[in-house]
Amino acid sequence: MAVLDIRDLSVSYATPRGALKALRDVTMKVPEGKITGIVGESGCGKSTLISAIIRLMAPNAKVGSGEVRFKGEDLLSRSEAEMRALRGTEISMVFQDPMQTHNPVLTVGRQMIDIQYRDKLSKADKRKRATEMLALVGIPDPQARLNQYPFEFSGGMRQRIAIAMALMAKPSLLIADEPTTALDATLEVQIIKRLRELQDEIGCSILFISHHLGVIAELCDEVVVMYAGEVVESGTVRDVFHNPAHPYTRALLECDPGHIKVRTRNLPTIPGNIPDLVSLPTGCIFADRCDVRYDACGARPVMATASSGHQAACHLIAEKEPA
Amino acid sequence: MTDITLPKPRSELGEIFHHLIRDPLGLAGLIIVTLIVASALFAPWIAPYDPIALNIPDRLQSPNPAHLMGSDQLGRDTFSRVIWGGRVALQVALPTIAGAIAVGLILGMIAGYGPKWLDSLIVLFFDTVRSFPTVMFALAVVALVGPSLNTVILVIMVTSIPTYGRVVRTLTQSLKEAEFITAEKSLGASTARIMGIHIVPNVLGPLAVLAAMDIPTVVGLEAGLSFLGMGVKPPTPSWGSLLNDGYNLIRNTPWLIVAGGIPLILTTLGFTFLGEALRDVVDPKLRGKGGK
Amino acid sequence: MLSYILRRLGLSAAITVLAVALLFLIIHMIPGDPVSTILGPKASPELRAALEARMGLDRPLPVQIGLFFMNMLRGDLGLDVFSNRPVTQIVLGQVPYTLVLILVSILWSAVLGIALGCYSAVNRNSLGDRLTGVLSVSVIAVPAFVVSLYSLLIFAVKLQWFPAIGAGAPADWGDQLHHLVLPSLAIGLSWVGYIARLVRASMLEVMGEGHIRTARAFGLPERQITYGYALRLAILPTVTVIGVGMGFLLSAAVFTEIVFSRPGLGKLVIDSITTRNYPVVMGSVLVSTLIFVASTTLADIVNAILDPRIRAGK
Amino acid sequence: MSALLQIRDVFVRFRLRGGIFSSVGTIDAVTGVSLDIEEGKTYGIVGESGSGKTTLARAVAGLHHASEGSILYRGQELRDLPEAEFRELRREIVMMFQDPIGSLSPRLTIKSLITEPFRIQGMGDRDLDTEAKRLLTMVGLPAEFAARYPYQISGGQARRVGVARALALDPKLLIADEPTAGLDVSIQGEMLNLLARLQDEMGLAIMIITHNLNVVRHITDTVGIMYMGKLVEEGPTEEVFARPQHPYTLALLAANPEPDPDAQLMRVELSGEPPSILRRPKGCEFHTRCPFVQPRCSTDVPVWTAAGEGAHRCHFPEIWTREEAVAS
């Protein structure tokens, strides 16, 4: 069963130019006990998607339609108080910028104790739990470091603290929004490895957002590829990365510098820009940048099955699909 | 690809003006300020009476068609004195602020861009001057040289320098670290060019906001000192001396106080509204969003 | 922490010394001299010489400054020209009145301003926020003495709810409080607006920062986020501004004391100027400068207590 | 023939500030770097934050003062060259900065920005309209962009403006600091292709600074890997990728895996975080994080050792290359 099951989710932002349709009919799942990656470039709607899941959206954002089912229950119809009860217990988050994640004038210990406010434990017990969590994510001398302020930690350490806080309540779903983008690559390796180990230990599901294909390939079981506010492809990492079904996924993989091993004066690119999300083109969202575009692309494609558990929103797949 | 015609961007000032008049606060501020400046400029044509000439028979009148705001104990028309008082207010405010900005800009840029020791020295100077309470300091000076408009201008100017200087220094410091300044250096731009073309234009915006917000403070100080009899000498009409007349006659007629206070409050509102609206326009964080 | 406080106190000492020296120099450089200020232009040369000698004005400038500092350190600001009482005694006798006025004003305006600022930031763009915004902006720069005069006219002269003159009977706290209402209203009003705007702006900035998003993502109660996490940071610039604000309040207090005929430093200065009592004028200016330096220092120390990054020198 | 740029034992030292008038010490951001950049070739400097790569680049561009060593450009010493004399050379040595929009003066139009080099170098009498049009065409931007302001263009477009501005005066050496930072994968290639094309057309030497090894693989001739202000390895690009000699290089390679879930990866995980350059470790400065550390590493400083066509700074390149063989 899927921990998270998103169906036909559409979100738009009110802007002076009109409604910016940031997400359109997004459907995706996070299976239980698995790590699901979302990959996409800027403007693909990853951030809007996660803020819609935990319902911490910008004031000008509006959910047009759809459902966000968490353990079978639609989060969009929950009250704010019910949502708040979920956050930090059942669903927790790790954000992108570790330098911004913590309150700068409160000690790390205080912040880690504060988030346990629901538990009826003594302060000493809460502190002990915080210490254990810090040790678990690999922070040396955790007892003493609880009394320190965030500015006394490096970026990598702060991201470890963020992960410790997110996992403290043993959530069912951890959402990690580009947690390693701001870090150096050698530290990224450490964090990814630790995340994988912790996931095994706690058994939670992880929704991992990244623009880094190599990291997704390394860490995730499933992957969802997004482009300009739509899901264009989803499936197991192996299926998607070995047999990309959508032309965008294929092009993106070709562009990845880790993919190209020969010396060249002409690297692959995807020409053009993402379409204006205020005045959308009719038809396939990727059509004007697609190298295999044909007549059918004037109509909007639906998700079609490329192979079992592997889907893509491309007319070429639908054509091949057995009726 | 090259044939696309893009909308021609407005000029910088045009852009600011455009944003200002779309903000109700800004529009109100702009109208009030224009009215005040115009009435001060054209005082001789607007004021119905001579603001100084005595007219004892008409003394202490309540507002009436002949005297819109009534008259004072010497029969002078309050409305005319209010209009002329605006001249005095702006005569003090404008040179004071211009002077403070000029000195503050220079010192602030030197402190922000120059060597660390010079910066420390200038900041120490700013902190020192700032620690004189303006009014007390002004009174001490007036006690020595006697009341005059120039004394008022000079004292307020000197005590305002740190306000501008500190802002310029902070802005210059952060601009100095900005990558575009390093980029200019890598092209070989001279210090004078960097200061003049790349730093000053980026400092002027916030400075203009500060100046707009500061004008009412200076006008208020001038009026306050004149109220205490330490500013302009009678019979020169000033909003402060009008209020002083009103204070002495507070149990006889309320009109002098009411009339003397209104222009001060209007000036305050006008410039503060304008400054607030200007801040929203000038603030680069907000500007950037408009572009997207 | 201690090293920060010591450094900060050292800076304050430097500022004080410089301020006093600068004040002394300015007084010396500007036209007009204390002796003719005190005696008037028609005094005889003998009388002038005698007074100059008594005030030490016949010695070289550096010696004068040196003597001035020595005396100041001993708490000696010279003698009143008329009563021959020590200036220190006269000035210090007036300080409590002004200090009480200023503190009461800043207290009520800070409390109300912070509350309004928080309300506005939390209910951003609501009707209440807009109303608070327009009102705050409107009162920000209205000169304190205009508010003094208007409130005198309305509440003391016309409605007669509050007394118009004085500071109240010495032993009667209720009466003193009654006399404090209008003056502190006059001085504090613009500060309510100013602080409300400032708190609103910095609250909005802080509320947009990543750590607030983190706190929300952990489901912390909104109250705790607003007051425990956001205000904790947003208050920092306000503390500094209140420290500097003491200087402006000292200025505003001068007018208010005159309008309401309240005893205090401002009234003392004006009375001394009218009677050409120059040493008292100088003494009052010095003491107000010291009050100002002390309050900015205090504000910085409070900030260091509230913000660990300042303590660490980051 | 000697190289266009010869860097020899360069140190860049910064003073740390204490109180108002005091300085509490110095830190060496770059410690004894030597390298050559040949005319028309591309040299990639790779390192993570704090490695000193940007400081080194800025020292070459005359933006930081090199405290020791020598920086020879066509045989001319750049260190201690007065700014007035350096200005002449700024036609030939140009730099592109990390933040594409932030490196453009915000109140100038694109036209003024790309024609600034002419005005600064006393060539303001040229037909700047024509020059602006030529430069915009060169980097593939429409001529209408001339009238825009930096905040009105995208990051990728701002990058192109940066290129146009750097190449306005037909320079000989381009220093590009993270030329693809902040760009999406699908347009990173455009930027690198543009640089490669212009290099071929103009015979430009390029020094690329980056944290991402993969970015430089396709376009550089030589790479140098920096750690804590030192070069730890240098060699022909293909050589370094095929047979890394320093464990840090291997860690960097492994940290940027190719997007293939089945790729046989040798995951080299470094322990801990980079030490502070205020407290440099004794011996080999990498030993605190090295997965193959040996007792000797914490006491002896490794020397710069030539190996094959490259060189490295490791006591035991043979130990871990053997282990790698075992792992795969």
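To keep things simple, chains are lettered A, B, C and D as they appear, and every chain counts its residues starting from 1.
Assume a contact is a pair of C-beta atoms (placed from the backbone, for glycine too) under 8 Å apart; a residue touches a chain by one contact, two chains touch by 3 or more.
Everything numeric here is computed off the predicted structure, so don't read it as measured data.
Visitor: Given the touch definition stated above, what is the smallest step count connecting chain A to chain B?
Guide: Between chain A and chain B, the shortest chain-hopping route counts 2.
Visitor: Determine the centre-to-centre distance between chain A and chain C, using the mean Cα coordinates as centres, and give it in whole Å.
Guide: Computed from C-alpha means, the inter-chain centre distance equals 53 Å.
Visitor: So what's the Cα centroid distance for chain B and chain D, whole Å?
Guide: 49
Visitor: Round to the nearest whole Å and give the separation of the Cα centres of chain A and chain D.
Guide: Result: the chain centres lie 32 Å from each other.
Visitor: Suppose each chain is reduced to the average of its Cα coordinates; what separation in Å results between chain B and chain C?
Guide: That pair's centroid distance is 22 Å.
Visitor: Provide the full list of chain pairs in touch.
Guide: The complete list of chain pairs in contact reads A-C, A-D, B-C, B-D.
Visitor: Under the stated contact criterion, what part of chain C meets chain A in this complex?
Guide: It comes out as residues 124, 209-211, 213-221, 224, 228-229, 232-233, 306-309, 312, 314.
Visitor: In their complex, what parts of chain B are in touch with chain C?
Guide: Listed in rising order, the residues are 25, 124-125, 127-137, 139-146, 213, 216-217, 220-221, 223-224, 227-228, 230, 243, 246-247, 250-251, 254, 257-258, 260-261, 264-265, 268-269, 271-273, 276.
Visitor: Quick one: in the complex, what on chain C touches chain B?
Guide: 11, 14-16, 18-19, 22-23, 26-27, 30-34, 37, 134, 137-138, 140-143, 145-146, 149-150, 152-153, 157-158, 244, 247-248, 250-252, 254-255, 258-259, 265-266, 269-270, 272-273, 276, 278, 281-282, 284-285, 288-289, 292-293, 296
Visitor: Which bits of chain B are touching chain D when the two form their complex?
Guide: 1-2, 4-6, 8-9, 12, 116-117, 120, 178-180, 182-190, 193, 197-198, 201-202, 284, 287-288, 291
Visitor: If we count contacts the way the header does, which residues on chain D are in touch with chain A in the complex?
Guide: Going by the criterion above, the answer is residues 48-49, 184-190, 192-193, 196-197, 200, 211-212, 214-215, 217-219, 237-238, 241, 251-252, 254-263, 265, 267-270, 273-274, 289.
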